[in-house]
Amino acid sequence: MHISLNSSNIIFGWLLNFMPATAVGIIEMVLIALAYLTLFAVLGLYLVLMERKVAAWFQLRIGPNRVGFQGLLQTMADALKLVSKELTGTVKADKFLYNLAPYFVIISSLMALAVFPFTKNLQAFDINIGIFFLIAISSVGVIGILLGGWSSNNKFALIGAMRSGVQTISYELSIGLSLLTMILITGSLQLSEIIEVQKNGWLILQGHIPAIIAFMIYMIAGTAETNRAPFDMAEAESELGAGFHTEYSGMKFAYFFLAEFINMFIIAAIATTVFFGGWLSPFGITESIPWLGIFWFLAKTFVLVFLMMWFRWTFPRLRIDQLLTLEWKYLLPINLVNIVIMAVIVWLNLTIQY
Amino acid sequence: MTNVELQKHIDNWFTDPGAVKLEFSEEGSQFLNISIHPDYLHELMWSLKHNKETHLDYLFCLTGVDWGKELGVVYHLESTLHRHSLVVRANVEDRENPVLDSVQDIWATANFHEREVYDFFGIKFNNHPNLKRLFLTDDWEGFPLRKDYVDEVNMVVK
Amino acid sequence: METTIVNNDFKSEEYFINMGPQHPATHGVLRLLLTIDGEIIKKVEPDLGYIHRSIEKMCERDSYQQIVHLTDRMDYLSSHINNEAVCLAVENALQLEIPERVKVIRTIIDELTRIASHTLWWGVMGMDVGALTTYFYGFRDRELINDIFEETCGARLTMNYNIPGGLMYDIHPNFVKRVKSFIAHFKTKLPEYDSLLTGNVIFQKRTKGVGILTKADAISFGASGPVGRGSGYSCDVRKHHPYSALDKVPFNEALQTEGDSFARYLVRIQEMWESMSIIEQLIDNIPEGDYNVPTNAVIKLPKGEFYQRVETARGELGVYIISTGTKNPYRLKFRSPGFSNLSLLNHIAVGGKIGDLVATMATLDLVIPDIDR
Amino acid sequence: MSYFSEIYNGIKTLLTGMGVTGKYFLHSRKGAITQQYPDNRDTLKMFDRFRGEVVMPHDENNEHRCTGCQKCEIACPNGTIEIIWDRAIEEETGKKKKIIDKHIYHLGMCTMCGLCIEACPTDAIKWAQNFENSVYDRTQLTRVLNKPGSKVKAGVED
């Protein structure tokens, strides 16, 4: 497998002067892993803060504003509290799996995070099957949820885990198919190439009608994939208490919690990359100043994250059978037809190019 | 129907007044009252609901009362069709093992109300499908709403 | 533990789950023993008594003035209506002539209480089906009513504003102004409720055809209030046995015939409109007069039995007083609406999913202290 | 066709709902209903009739209006008020007279029903608008309402 570490080539090239190549490779990997872990933690915490603020503004409240300036350090304080909390669990839990479950969830979301191009050449791992990798890795996370729910020896958690399993298996299909629709235009699975293609206009514009449909399906399925309202069947606090993480406390709970928010970011980031041109800016500003791409990428992603928060704080939750009806009766058939339409459009060169 | 008509109508059902202890009174109450011997309670109640003239299909209150010597249950009935009301009462003298017929097969709401009465007065209801304590724990001793119930810890007497 | 499970003859795929007494959907300390097959509810058995305070026994000890404040603590969301029920029973027994002013004020506050209770229910209903924002919108409007209560009665929830014979004190000079501004405010907010939740396709799917209660069953189970009216059963005590000023005010009884959760939802939304119209008709012409008639310091009811029915926000509340002529009631029974409404939960929830149970329970609008008393 | 109209209607209602929350999001700056409680303590004013706790006002001569008639004690449903009284000989007339020693008020048992204040014939006790009643020790909730050394205002009893 080809690992390209574009952004840090200069530093490591310099390091190579007085170290063997293997050692440099290891240092490289450790440093990048640390950078991503930091990103994971900080991003996760600030997404939580954003969610709380946005929720407050939707609900006529003020939101956290005590810790730090305007509450900016609120979630840091919360994280500190969670770290210091006692880890409790049920007596008859399957201890090994119970402890393993949170790591499944965060590792899968960390790995997914690694393939995004934040700007030109700022990408840890530009794998040539990028989209495929993302779809594959995001379905691993659900194993963590299933394990967590099953091993905690709690019926509410079990129901939550089963719901989550059913839900993820169904909505994987829609995510995959809606992304496939867009792959028809790009002709490549590699994320950096997908962005290159969009220099002639965002894919959602290039593909016009079928692309918009694909985007809507993707957002619905993506919200479901992250177990967020209106698809938060796995938690469903008014039905199952806390769902699959009922028996988790302290930092283990925080892992689930952070992973949920990182997953939300990942879903939004995929949408940004595939539909909205990733780090590309309008009028080609990023051509001359590439580092501005980070800003554009994050701005687009956060708009989509905000959209998902808007869903969450407006809609009631679906029932489990309605969730499946939505997938199998509406999203999937529409998606299949949509792919055919897209194929025809690409074949007849009806895409809009600027 | 007015109370007088009701009384006339119901009186006709039981041709042998000696066997059925049926007493009407309107004294001290805004409704027409019927006192019935426990043995005929279920029969009377069934007819009260299913007779087209009375059609008392709404049991809006079921009260257990400790009358001192005897324990009783008061049924408040209303017809949603004719909008007339009737009160039926049945008393049992046996305080140790009081038993009445359940009317929960006639009015489903009686299920919970009878359990409440059992819980607080200890009146048992025949043919009740699930007669057990409703509010109190299963091992509670005594029946708190009886007049002779004593609990020196929790009851403050003024 | 085994003793509380009703029957141990579970089929192989059924299992048992404890919902409550501390569960976000049970609104207090209601414990439901559920028998479930996968997600399908097979049996619901309520276990009550977690906050039973034996109000009926306490009433046998208290004087009639003192009983009133205990009723605040039954259905705390319609405390004023509960107070009124006891006061009306006592006043009828004493055959007191109550001034028109008192009747009108009581009715206005009754209807405000009903709106306050229904806005809270609306928020919680939304929350039970997963729309958390509704809760805050509901509470925003309810807060304004609570302010009105606080200014006039001195308390926001357990008001104890009624006394046998009238009211504790006259309404506050700002009362009329505040009520009018609230009505004006709420008229703009109620359509928003509709666009946020009522029309929402997910909400309709969650509630339509769920928890169906037929009219015959509603009568048999003694359902009252919006639960009964959602099944097309005309059971509004305000219509059939009008009390206070309600016999002078024309209003429509909210009726829906479907009998499902959505019908019960619509009945409550409609009732808020009706309550507003009742208040609007009364607020401009509150008659002058005394705010109470003096009673003896020690009220002794004549020997006999007195039954008073009122329509609380949850349904029909009955107060049944058996008096032996002393200063305490011999027996006082509260026929609370929640108690009968809860008893039909098993009937309408079986066969649905866990999510349906929560949505159904939300439309029954249970207040647990009302059930436990 | 109903398949597509269903989708269209569904999306339309969802967008309507999002419109409502979106509107509030945009107006969140001035629309917030949060009260930041300890910060707004200075401007927070309770309504005049607010029932915070029962107090006994004293005037500048350390005189109150309580004659020790115990009507409030009788009116209270919970035994919240306890009056310890004494008989003292009035200096001018030489008659024996009831005076209060301690007017004890158990805030922890009070349900704020207001019956004591209604019952008081001399308006000796009234509601305070104080709502910050939490203390670290339950015994602090028992309060003596009359200040030490206070006495009845002259002429109240007449």
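By written order: A, B, C and D. Residues from 1 in each chain.
Following the convention adopted for this analysis, a contact is a pair of C-beta atoms (placed from the backbone, for glycine too) under 8 Å apart; a residue touches a chain by one contact, two chains touch by 3 or more.
Owing to the predicted nature of the structure, the values given are computational and were not obtained by experimental measurement.
Steps from chain A to chain B, taking the shortest chain of touch contacts, total 2. With B-C and A-D as the two chain pairs, more C-beta contacts join B-C.
Spacing of chain C relative to chain D, judged by their CA centroids, is 26 angstrom. Averaged C-alpha coordinates put the centre of chain A at 52 Å from the centre of chain D. In this assembly, the C-alpha centroid of chain A lies 45 Å from the C-alpha centroid of chain C.
Residue numbers of chain D whose C-beta contacts span two or more other chains: 14, 17, 20-21, 24, 33.
For chain A, the set of residues touching two or more other chains reads 58-61, 313-315. Listed for chain C are residues 62, 133, 136-137, 140, 196-197, 200, 202, each touching two or more other chains. Every pair of chains meeting the touch criterion is listed here: A-C, A-D, B-C, C-D.
Those residues of chain C whose C-beta lies close enough to touch chain A in the complex are 15, 17, 23-25, 39, 126-133, 135-137, 140, 196-197, 200, 202-203, 205-206, 353-358.
Residues 7, 14, 17-18, 20-22, 24-25, 28, 31-34, 36 of chain D are the ones touching chain A in the complex. By the touch criterion stated above, chain A contacts chain D in their complex at residues 54, 56-62, 310-311, 313-315, 330. Across the complex, chain C meets chain D through its residues 62, 65-66, 68-70, 72-73, 133, 136-137, 140, 143, 147, 150-155, 158, 160, 163, 168-169, 172, 192, 195-197, 199-202, 297. Interface of chain C with chain B (complex): residues 3-4, 6, 48-49, 52, 54, 56-57, 61-62, 217, 219-222, 224, 233-235, 240, 302-307, 309, 316, 318, 320, 322, 331, 333, 335, 339-340, 342-344, 347, 372.
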